[in-house]
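All chains are identified by letter, namely A, B, C and D, in their written order; residue positions are counted from 1 within each chain.
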Amino acid sequence: MWQALYDNLEQTVAVILFGIGFTILLLQRNLIRKIIGLNIMSTATYLFLASMGYIEGRKAPIVTDGVTDLAAYINPIPAGLVLTGIVVSVSFTGIMLALTVRLYRRYRTLDIDQIALLAKGEDMA
Amino acid sequence: MSKRRSDWEQRPQARFLRWMRDGYGALDDQITTSISQPAAPRPDQEAMEAHDILVGTHRHERELALDRLAHYDLQNWANTRGRKVLGRLYAVLALLLGLILIYFLLNTVAFMPRFASADVPANNEVIARYVEKGLEETGAINIVAGMILDYRAFDTLGESTVLFVAACAVLILLRIDLDDHGQPMQQLIAEESDDRHYEPKNDRILQGSAMVLTPIILLFGIYVLFNGHLGPGGGFSGGAILSSGLILYLNAFGFQKAGRFFTYKIFMWVSFFSLGFYGVAKAYSFYMGANGLHSGIPLGTPGAILSSGLIMPLNIAVGLVVACTMYIFYALFRKGGL
Amino acid sequence: MSFVKIALLGMLIVCALGVSFTRNLLTSLIVYMAYSLMMAVIWMLLESPDLAITEAAVGAGITSVLFFVTLKKIHAIKGDKDHEQAQK
Amino acid sequence: MTLARNFPFFSILVCLVGSVVTSVLKPRAAKALTIIIAGVVLVLSAFTLRYALALESAEPFMMGHFPAPWGNELRIGRLEALMATGISAVLFITLVAGFYHMPAFVSEKKLGLYCIMVDLAMCAILVMLYTNDLFTAYVFIEIMTIASCALVIVRQNGHTLVAATRYMIMNLLASGLVLLGISMLYGITGHLLMEPLGRAVRHIVETGQYMEPLTVVIALITAGLAIKSAMFPFHAWAPDTYAFAPPMSSAILSGLIGKAYIFLLIKFFYRVIGLDVIVGTNVDSVLFVCGVSGMLMGSVLAISQRDIRRMVAYSSVSQIGYIYMGLGMGTEAGVAAALFQMLAHAAAKSLLFLSTNELVSVSGDRKRFHYLHGAGYRNPVAGVVFTVSAMSLVGIPFTGGFIAKLNLATAGMPMGGWMRALVLIALAISTLLNAVYYLHTVVSLYRRAPAEIDYPPSHRVPRHAAAALVISMLLTVYLGLGSGPIMRVIEAGLKMFA
């Protein structure tokens, strides 16, 4: 088991980072730390996806001096998917940060449980 | 007789029937009568005031008062010891869930195909065609750019739409609307979030370095954008570099100077034209491909700047959408508008 | 397995843990910036230069700028509870 | 090569380019364009349905010059066309009936941006129905998540921000799980399109080489899509979001967007993994248990609510429990019953949200039951429409809900002893609970209004909104009466769905 984990070192680290990001998201009460946890989770998923495509001793998939033999390049698909993924993670970070600014402006705190309690309190008043 | 009648009142069927007939009001009467008898005296004033309303006036005020009492208890409980214990329990549970997740996923990674070996299932006929025939079918030297903008172009169309949706969502959240004659609608928020008084007033070092760096960054961004199909780079990274150059310029020279060439109207029209061009160009090539017609887009000689059919214009369109979105994110956070 | 790759992957995990254990918000942001810069270098080691440029420009650049601007806004904001529009 | 073959692609394109065009229009023109686009999509979907009914087997539509494993692909089948027609019909009616009271919730300047979000949500739903590629589905899941978050926050008061934050955190967590599942699946199979994926998974199941990663992939993607469609244990974000959002947004969110995720899950079960492997890894019994507990707990929570909009929100959690119970049976009849329940619930639920808002606006914008006494008299159209859609959700005969529950019961019959008993008991109890809180609401609608509360003068519902509400009510009744042909189309669609 440990030898297999050491062979797939990138995927092991990616999965550990995914778990850390997941735990930060659940554990931390500060909204900005939750967003960092979300970002760590998604970059870990992209590391996991990109490590599927790497093949030892092959170059980046850019055709150099006309060589189009399959054995010369690594798998281009994960690179394309992760490119899409990175832009998705910027988009949702932008939205979550905008929500954080609006919530802080409205409730003067970044602690999501405190905010929920204040919102419920206002509902009563 | 009345004894039997009164305990009939208490029995659940009666209360259920009365609830069906009168709704919550009836149930509240039950609760209020039981509360108003030996109610434990609440020390502080707010509870007393809630209590007085309870006994007195119309039913819907009583209902509100009841909720306020319930919320008062919740508030009370919130900062007592009870919550800390529950908080710690929640933390332990979250940690446990994270560890279980890591354990299961590590277990899976052990059985995944070996890293960096050539005989993984992912090394199949799909990428054989991308790599071997990629150059002649899409004309792009950079096979990843060819794959993104020609083989799987629908994903990247969805991708630019994700950026456009994110920009609109942040616009909904942070933009301070201007009424007809240009004055911000919410006066107080506008002054508060307009942090030009925090801006460095002609900070010599920042402006000096921006004067040198901005043209270089923008030039590099344009280079990366235009050579998307020839080398690493392309729409996303080129657009991001362009927007970081614009943000540096905005930081150094303030909104007045930056507003000269980049206003909200320009943002909307640039997004409209680039996304519209991308949609129409790709719709044309999807329609042609789906019905087996040959779309007469020349692929040009590989390696030349004007090669690989639509990939270069599409890269520019995607790059513009990325640059505009990142720039308006920054401007909306800084000043709630352009 | 080159030593650089193991060191970088180890540092990634240290940075990810560091984010949750630092008290000050600004330090955790800077640790997160270091995290995405290291991720950009790892993309280079995994032979995908496209990702390296994008991650460097977008991950370390734009995301961190947005985080810092949010922090600046939060320390500068007084609150808009009473300016809320008369919406339902 | 008939033209009708391209209609699904045209409908997706119309929504996409329409949303881009809406961004540069004035708010009033943007509103009109959105309603026109919804109409065009409805017409195109109806023609696609007519074309699909003539098809023998599902037909792939290549997006671009490259066939299946290389380029993207849509797939036109009877089931996709039927669901697309149903969902676009409900969306068109919701837009026509709901837009007239939007200015009360959304400021004039933000209405244009709101219309962009509605267009893109429609486009994402259509792509989720038709697509044959997992990664395209993931990209449009992201668009759907961000668009529905924007649909909620457009109302700009404190509650919507808190509800939207909780919504975003749960949904981004879920799409992280889905993406991890897709990348693991890519790792062990090497494909992203559903047909080659299905062949590769069958090869894996036979050789048994990567079975452990496959089970984890199934668990990850099912958990991710379940969280996104508010299945019971993960429904925490749903009630606040549906209760505090503008009524048209909550109608779209709970009625339509949740269904697209479930349809994608069914497509993943049928086409990628195969129903027998799903039953083998008993993921379906997990879904069954969550569905049954969702049905019961959703209704119990709905009874305890004092605010009519939160009650309606919790009732949609219990209705989604029905769908997951159908899915959890693991038989073709169960999935067919779940699909019909999706249609019936989409029609009834969006109608319910709109008529609730009519009733609340007539009784002085106060949402507690006590203030709603006599609302049925003040706004007769909304009262009748609320009653009929409540009947459909409770499952009273001659409505869609009744047929859905009937199908669920008949699908449960051939199953094992305890499973069959559990299905029937759960159906009976949850119907009773539904009846309790809906009957109570309808009773309070038609009681005499108490004297001490002063109600504002009741405004007349504009003709087109009233007509749309009545037509949608007839749609629900038609689902109840004319459900025979629809069930036949669903069963035929399921046969050629794999």
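Throughout what follows, a residue touches a chain if its C-beta (ideal position, glycine included) is under 8 Å from a C-beta of that chain, and two chains touch if they have at least 3 such contacts.
Everything quoted here is computed from the prediction, not taken from an experiment.
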Chain ID, smallest distance between chain and overall C-alpha centroids
B
Counting C-beta pairs in contact, which chain pair has more, A-D or A-C?
A-C
Chain A and chain D have mean C-alpha positions lying a whole-number Å distance apart equal to 28
Roughly how far is chain A from chain C, going centre to centre by Cα mean, in whole Å?
10
Could you put a whole-Å number on the gap between the CA centroids of chain B and chain D?
22
For chain C paired with chain D, centre-to-centre distance based on mean C-alpha positions, whole Å
35
Contacts with two or more other chains occur in chain D at residues 107, 135, 139, 142, 146, 149, 153, 158, 180, 184, 186-187
Could you say which residues in chain C touch two or more other chains, in rising order?
48-50, 54, 58, 62, 66, 70, 73, 77, 80, 84-85
Residue numbers of chain A (touch at least two other chains):
9-10, 16, 18, 20-23, 27, 51-54, 60, 62, 77-79, 81, 83-84, 86-88, 90-92, 94-95, 97, 99-102, 105-107
Chain C residues touching chain A - in the complex, by the definition given at the top:
1, 5-6, 9, 12-13, 16-17, 19-20, 25, 28-29, 32, 35-36, 39, 42-43, 46-51, 54-55, 58-59, 62-63, 66-67, 70-71, 73-74, 77, 79-81, 84
Counting only contacts in the complex, chain B reaches chain C at residues 142, 144-145, 185-186, 188-189, 192-193, 195, 198, 224, 231-234, 236-237, 240-241, 243-244, 247, 326, 329-330, 333-334
Which residues, counting only chain D, touch chain A once they are in their complex?
135, 139, 142, 145-146, 149, 153, 158-159, 161-162, 164-166, 168-169, 172-173, 176, 179-180, 183-184, 186-187, 192
With touch defined as at the start, can you tell me which chain B residues reach chain A in the complex?
64, 67-68, 71, 74-75, 78, 91, 94-95, 97-99, 101-102, 105-106, 108-112, 114-118, 120, 122-123, 126-128, 130-135, 141-144, 147-148, 152, 155-156, 159, 162-163, 165-166, 169-170, 173-174, 189, 193, 231-232, 234, 236, 302, 322, 325-326, 329, 332-333
Of all residues in chain A, which touch chain D in the complex?
18, 21-22, 25, 31, 34, 38, 41-42, 45, 48-49, 52, 77-78, 81, 84-85, 88, 91-92, 95-96, 99-100, 102-103, 106-107, 112, 115-116, 119, 122-123
